[in-house]
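Common to both upcoming complexes is chain A, partnered first by chain B, then by chain C.
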Partner chain A sequence: MREFTHMQAYTVKEASQNAARGGMVIAGGTDLLGTLKDEILPVYPSLIIDLKTIDGLDKIEEEGDSLLIGSMAKLADVAADDKVKKHCQALSEACNRVASPTIRNMATLGGNICQMHRCWYFRTPDDRFHCSRKGGSTCPAYMGDNRYHSIFGVQNGCIAASSHDTAPALIALGATIITSNREVLAEGFFAANGYRSCILEDGEIVTHVRVPKCKKSVFEKFALRRSIDFPIVNCAAALGSGGTIQVVMGGVFPAPLRLTAAEKAVEKGITEASAAKAGDDAMADASALSGNGYKIEIARAMVKRTLLRLEGQKA
Partner chain B sequence: MSGKVSRRDFLKAGGAGLAGVAFSALGIGSVLGSETEASGDGKNNVEELVYVCPVCGEKAENFDALQKHFKEKHAQLDAPASMALHINGADVEVYVEDHWTLRETLQRAVGLTGNAKEMCDRGGCGSCTVLIDGKPALACTTLAVECKGKKIETSEGIAADPKYRPLVEAYVKYDASQCGYCTPGQFTVAKYILTKYPNPTQEQIRTELSGNICRCGTYSRHVQAIQEAAKAIKGGNS
Partner chain C sequence: MGETSKWVLEGTNDDRQDFKVVGTWNHPGRQSWDMVSGAAKYPTDLYREGTLTAMALRCPYGHAKIKSLDISEAEKLPGVTLILTYEDEELASMPVNVPSYYELGRSPLLGDEAEFEGDECGAVVVAQSEEICRKALDLIKVTWEVLPFVLDCREAGKPGAPILRPEMNPDSNMTGNTFGAPIKWEIGNVEKGFKEADHIEVIEYGRPMWNQFRPMPPAYFSYWDNDPWGNPDGEKMCYVTNHAHFPANGPVISAFMGMGVHEDKVRALSPYMAARYCDFVEKRGALLAPVLSRRLGGVPVRCVSTRRQSFDANVPQSFFTVRIGFKNDGTLVAVQLKNVHQTGARGGYGDKTHGHLVLPANAQGFKSTSCPNIYSEMEYYVTNGACTTADPGKDTWEPVNLAFAKIADTLNMDISQVIMKNVKVTKPSLETCMETGKKAFKWEEKWHLPGKKKLADGRFHGIACRSCWSMTWGMISYNINLRMNTDGKIYMPYSEALIGTYWPDAVQLVIAEEMGMKPEDVIVYYAANYPNWQKGDAADRGATCTWAAKEAAIQLKKQILETGASLFGVTEDEVDLVDSMITLKSDPAKQMSLVGIGQLAVGYCGKPKVPFQNDVIRTMNVDFCEVAVDPETGLVEILDYCAAHDFGKLIRPSSGLGQLEMALTMASGRALREEIIWDKNTGVLLNGNMYDYKVPTSLDQPVIDTIPVETRCGGGAYGSTGVAHAHCDAGLVGLAVQNAIGKFIPMAPYTPDKILAALGRI
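After this line comes the complex of A and B, so read on.
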């Protein structure tokens, strides 16, 4: 890694002021340090701000009808927390499927939702592919190797696939992301936005995630190596109040995608047939690139499997 | 530099040639220190730390000697900042830069070579796994400056702890290291498994070790070795 200055922040304000002046914040570091080593960004930060030293940001608390989870809570702790297991099962399962046990001991919930995209052109060292995300004019994945990319088209000139495991779970559960200066619904939080994979602005820091309690919710993931890989496709489904069902899929678009067509197909209850129809309906608009047609088939099966598991899991 | 050749230097030089026969023909004593030596003072042993000058690579016996060397030989340079790291049961003063990872620091500043080898260096393989405050963490993706006041345990420290001698012996018995590159990482997680589960099942072991990748495919042997060590450690040592 090239040189930088490291500072420990003790308040969110201090961290956000320094981040606004061009510093980069570090939580678990499992994503950031890799990007710094490879120098994938056009600008190398001169200041790294440690958020783990801010007091109280790693707590998991009950707050009325929801859980308030600090952004610095470790994924392993979120996955193992009894409150999360009981009220937000999909989030617990999702945290438990991120990377490996060792990485889950280090990585944080806030870091997972803010991690950068895993497109290999975007992440080629030394900014060799100056792609549209870094201010370039083209997306090399269009005509290149796009086997892991989006099957639902472009967002802001990018066709990388979202790779946060916790994001579909948070959106399905109707979570709110609380940052240093606003509150945003998780559904509107994720987007290809410069080098970021979320709508955060310079100097803005995720402090908490508020997740409403939910009786039934599940998470499913498909990855090449079950033990450690990023998702090819992942899917979360949650039973909302009034019997509605939210289905959200990751790995198929630069942001996690709410599958309204699938939700409509299971409006009258989940059966083998309606779950299969939900998968077909959800994939009706999918369009494969040159190398990722197989993802549509996986996604189709994943929607069905997730919904059937949601039905099988008694409240 | 002192004229003495440390056992580490000897092993480094002879390691490649000896590796094939070391475990079986020479016994583990010559590789990891004899049992009596390891349990000499009952503490984790950090005697083998080698303080390495960040500028010229000159080795020193301790931090004071290194500081003295730096002042004499590199007077024109500002000495890097130093901080205390708690490594294998001892407070160790090390030169460290803000942008050094813990892996780099263990290797460059104090000459540890077990967990501190560079493998993927991106958090993908697990070979650099150390225990930070008792939990496995990747040394290659942890900044050293963020480890202040935290307990760091490496494979060297665990191997030197008499309590975990049965684990070392079980690893040798089942030949759980083949090329040996991933072994220090697997070994540190093995210790974590033993502290977490008194009688680890195959599934528990495989789950905990799922972030450690072995290209030789020794996975099943770790399960055997850890289960046997668990029995021995529970039976007589703790």
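After this line comes the complex of A and C, so read on.
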């Protein structure tokens, strides 16, 4: 790893100002440090701003009909928190499926939603692939090995698959991402955006996530390894007010996808048949690349299973 | 079929029954303590004041040659001590000799042509830190001529494929054997055999390039210094870390052969090594470190690589086409096997060309069956897919078990019956393993015809078993020196790097057992200055080196008893060693401590009296696997994994059974997830990290039952034999998947895409 200056920020404003000047923020560091070590980014930052020294960003609190979770709350803590388990079960389950126990003890909720994509072309060190996310003109995964990539096409020239486990849960639950500048619905927060996987601008820092309480919500993940892998496909479903059901899938597009066709299929209730139809309908517009047709089948099954599990969950 | 092992192994003490120490549990392991406590020092941990760091330029292309190289800016960078390029005469001429088992093959130590992406090529920088090395490497201006590359050995063999190593073979990519031609052999008359067959089937099977287990990226550390006793001629001694154990210390033997330095000027530094499983490959850093240190007057130099760069030596690709002929009763009568094998970017395992005749997955395994007609043809092709290492698995048995599964599938037979019908020598080892393993696994309750059982949750259920030999090495002499010190303890030095097979802990128990010592009074310790000879740190040599330890222990005990007898004033026959005390047999209460009676020492060099490995099938093992296959997602879950292994004699149970668990875990990773993946358009490695290269973590380890079998038929002490090599292949899981879904999948790993394709879902 190359040398950099490490500063401890004590306020969000201080962190934000320094980040705007080219510094990178570090939360748990489980993504950033590996990224720096492998020299994945086109420009190596000279300043790393530690957010762990900012008071209060790791709290998990009830706020009326919502939970307010600090971006620095560790994934293991979010997963184990009784309030989260009771009111936002999908988020608890998602946090509990991120990476490995040791990583969950370091990594934060804010870090997970801001982590960069795991596309192996993007992540190959030394700029071996100068892809569109790094200022290049092409996406090498199109013609290359795309077994883990998008099955719903391109976003901003990129076909990497979203790899956040918490994102589908947050979107399904109708969460709001609170940054140093604004509040954004989680559904609009994620996108292939330069090297970022979200719409954050330079100097903008996620401070909290507000998650509405929900009576029923579940999260499912499919990965090759049970222990540590990023998702091939993940899926969250939540029962909204008025009995509507939100279904969100990750790993199938550069951003998590709201599966409205699946939601429509279970409007009148979740049964074996409607859940299967939801899976089929959700995949109707999927389009496999050269090496990832199998993901459509997995995604189809995951939609069905997630909905059936939601139906079986106690309200 | 049904034959009994006929080997009579001299001197194994295979009828001894009165064990006090061997085979017992709860002995504190010196190695395991070192490893779990962090006390173990690996090459990456070593540092001396003034240590410099070295890093090599790495090629960004799948295959490329340097057209021009400008190091002038890099040399100006503060902190840079030395930059050597491919034009350096010493580097260009090395290795002077081509040591056996050395991955460089016929390539220079630092050349101008990179044979794969990430290959060390063109220049090496020595600087005050890794940071400065990286900056200097960035400042080197390189113009590359990008050359055609081939990643698949089958493609490399096709007419019209680019010739990758014309200096080795100008006509084709076939390399890695002395003759530059396919290797063919025949036993019996295969065509006649096929005419006698009731059924003829063809099976295709392939496996990708696999990485070895990589706990950490390798580093090589070396310095030259005065030695207080080892260099009376005034020449400095070369100290170098050790990343190999076979046939001696890889870097050490490479260093003295490459640099023209005699072996007695080289000392191995590290007792522990990581980032590898077995043998046959050593990396350039191993030789660069001592060369660079010597060039700088002996200053310590640490040659490092990143995690990704450590993926530059892998287990080769191999593809089989197996045509089998068999009778209605399942008897195999003809085998015709063609194996296309990858020799790696260097064109082979150094000059170990003849090794190909016995190691890769050709038809050798069928020689252990009763099949009278076998034809084998192998082709070896160089590719641009990294260097190759030996396969930890016993891949010669993979096609054998595949053939058995095909016979079982065709005839609706139980594969365990096909195994017992066709393996030549079944008594006592295979028969015992099969019986005990089937019982433990509940085979009779679980077995069914392929594709005929689903679990309550809708998943397909499948089981399979496969047999393999438990290797007992007879080709290497083991050199054991034992001494009793004035403190009354027994000391045994070793200098081989350890890869986690715990052989010193096993040897400690054998010495204690044979001499009548308490285990804690036998100290097996690492000694860098000890002559570098084989002790046996491989998955299966660990047991057979106990042979030499036993012989040495017998000799030292004799000396001690002679001394003790004279002190007691009796004859040797009247005393014994009991719990580290010289004891009068007629009155066991009369004992004499060994403390202070003097120093005694013996040396023994020898090997188990067994023929070469391929001809020995005294000890066998049978593995069993139960899987569930999700028909909607294609995910395979291993429900039960059971190994009935004939240890001959289980010397240190915690180590032996641990080896089994390790090997089966390795096999499960290879079967389900692991493969080296390159970008087909550029030849760039895509999954050179521990996320994308999916080794099992402890949370992914399947449930493993280890069933020790002890027939006392091995070639090591007390009839012991080797362990882990025999279980690391991926084929068994594939056979269980076949039993589950009713279809053979022709390529490992058995990932969801392949399963869903086999099920016709994509």
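Going forward, the second predicted complex is superposed on the first by the 315 of 315 C-alpha atoms of A that agree within 3 Å, B and C clash if a C-alpha of one lies under 4 Å from a C-alpha of the other, contacts with A are read in each partner's own complex, and residues count from 1 in each chain.
Keep in mind that, in the parts below, contacts are C-beta pairs under 8 Å (C-beta built on N, C-alpha and C of every residue); 3 or more make two chains touch, one makes a residue touch a chain.
All figures in this text were calculated on a predicted structure; none of them were measured in a lab.
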Partners on chain A (chain B, chain C) - clash or fit: clash
Touching partner for A:125 - first (chain B), second (chain C), both, neither: second
Partner chain in contact with A:293 - chain B first, chain C second, else both or neither: second
Chain B versus chain C as contact partner of A:26, first or second or both or neither: first
Which superposed partner A:102 touches (first chain B, second chain C, both, neither): first
Chain A residues touched by each partner, larger count belonging to chain B or chain C: C
Partner chain in contact with A:212 - chain B first, chain C second, else both or neither: neither
Chain B versus chain C as contact partner of A:228, first or second or both or neither: both
Contacts of A:136 with chain B and chain C, given as first, second, both or neither: neither
Contacts of A:5 with chain B and chain C, given as first, second, both or neither: first
Contacts of A:301 with chain B and chain C, given as first, second, both or neither: second
On chain A, positions contacted by chain B and by chain C: 1-3, 37, 100, 226-228
Partner chain B, residues of chain A touching it in the complex: 1-6, 26, 29-30, 33-34, 36-37, 48, 50, 52, 99-103, 105-106, 226-228
Chain C residues touching chain A - in the complex, by the definition given at the top: 60, 117, 131, 134-135, 306, 308, 630, 632-635, 672-673, 677-682, 684-687, 689, 691-692, 694, 696-700, 751-753, 756-757, 761-762
Of chain B, residues touching chain A in the complex: 97-101, 121-124, 126, 129, 135-138, 140-143, 145-146, 189, 207-208, 210-213
Chain A to chain C touching residues, read off their complex: 1-3, 37-38, 100, 118, 120-121, 123-126, 128-129, 140, 143-145, 147, 222, 224-230, 232, 291-294, 296-298, 300-302
